[in-house]
């Protein structure tokens, strides 16, 4: 039903000296009386990428939300940064779901600054950030007048100032153009090089080759 | 594998346990209700002031008491469900609410019927009737919320939170209504006040109370069993259970 | 570092919702217009005589206040739920109850406070004797935060349903009953010159109790709703 492949020569979890950011054991989920996955075991070491693949409705989003701490698993445990302290965990994790959490009535700049305040980040030069994600010149237009891809860029701006070590991203490439996808992958590579880790789902294959890539394939609803 | 099976065994175990209790509860409830009501309605002496009309007390008082008891029970269950995330407790909320709502409705109806000979009107803004009416609204809110959700598990959790909010409010509502009643009606003596009751009237009332308690418990057991079956419909043991019952018929 | 404080979270949520509301001012104005219009209906329905109107004025204003607080209150969390903000609020490192309190405060600023400010106009239209004005304002000032807190519970419970309206009223109106009893009794007391300190203190106590417990209930309800 599920398979976990690792492209590194050694199974990542067994490597010596690698810090494990997240470890999940015997994870199962039933949603609306339907079994999505069961007895899942996964480890996310620093500087690695977990790529969750699978058809629609196979439980990708559910798994990501579970790892982020939004859902309680039906059974099994998720241990994070080897700590039980919820606050530490939330500070170290950044989750962006497929709903981008962008306020439609507010401008890109307002969205960026208010979100940064909630994230507790100090932004010295918001214009610089807007330029990086390609929103410069659009900053004073309410988000509802921007395209889906531009709105997604507003949400993804968080990745450029976030100090969270584990990023959990549900379909981050949705609605982005090729330039946007490339930009995002560059940022992912930078994040991994700095010792961060990444969990993502996508229907597109990654064009970038991370050093440590695990691919988790969730089976379809029908076996 | 056991770890995987463990949580699902719970529903089945509870179902079987309730199945053992249910016949005993049902039989003793039927017996005590029969004895209590027949005694109360036919053999207890008439009241010197109210004549025979007081006899509705044998239905009214137990229904009113257990309507409040069921609400408290529901709130306690909701607390258990919220704190320990026990699924059986979540289903129990859904099992208790309709029983409690019906008991409240019965107490309101019998109160109104009793009010007619006593006050000459079907409805009097008496403090007890009013707070029973509000209790009924609280029950209806819990039920409406539960049935509004397609995902019954979420519905049960939401209904549980509402039940807890309600139970914090019940004493406040209760005392505010009593206070409002004295404010607006001066020194009206509520007719339900019974300073003392003759033993010959009291004994059937106590039997009726016991009967209603057992009846409430039996109804909740019965409904909870149904709720478990409905929630676990996709599990093999439920399907076997249903097939077994069909063969028996 | 990423050390967001409780105050920062409260002030940011209030600032964000304030800005969103300022972009859609009709959402604030419409419930107030509703209050004015319903208040206008009463003299037309029961006659404009000051004896009848003055007697029922406080009760009418309070009932209308309850109804108007229900209007559009399902939107308290609806937009946040739909655009994914609610998930992000759940994932904040600060306790969710703090976030809930911030939402209650902003809801009061946008719906409760304008209502208190509008009250003198309603009192005038309904010919409430002057003796009752100050008390009416005071009860509304103490009571509207309770309305906002209870409304937030209901809104959080029903946010994932997509059709809150009538259900929300069903859940909330019974919980509003003590509020309306104490508040109208206080105004009535003031009109006949009776002491009202007791009722006012009771309302204040209720406000403190509600504002303490409601954020916990809202937080629990949000967790259920994003699930």
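By written order: A, B and C. Residues from 1 in each chain.
By our rule, a contact is a pair of C-beta atoms (placed from the backbone, for glycine too) under 8 Å apart; a residue touches a chain by one contact, two chains touch by 3 or more.
What you see is a predicted model, and the numbers here were worked out from it, not measured in a lab.
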Furthest chain, CA centroid comparison against subunit C: A
Closest chain to global C-alpha mean, per-chain Cα centroids: C
Chain centre separation in whole Å, for subunit B relative to subunit A (CA means): 48
Intercentroid distance (Cα basis), subunit C paired with subunit A, Å: 38
Distance between chain centroids, defined by C-alpha means - subunit B, subunit C (Å): 32
For subunit A, residues contacting two or more additional chains: 72
Numbers and ranges of subunit C residues touching at least 2 other chains: 227
Sites on subunit C touched by subunit B in the complex: 153, 157-158, 160-161, 163, 167, 170-171, 173-175, 177-178, 181-182, 185, 206, 213, 217, 220-221, 224-225, 227
Subunit C - residues contacting subunit A, complex: 1-5, 8-9, 12-13, 15-16, 19-20, 23-24, 79, 82-85, 87-88, 90-94, 226-227
Subunit C contact footprint on subunit B (complex, rising order): 82, 134, 137-138, 140-141, 144-145, 148-149, 154, 157-158, 161-162, 164-166, 168-169, 172-173, 176-177, 179-180, 183
Subunit A to subunit C touching residues, read off their complex: 65, 68-72, 86-87, 90-91, 93, 95, 97-106, 110, 114-115, 117-121, 142, 163-164
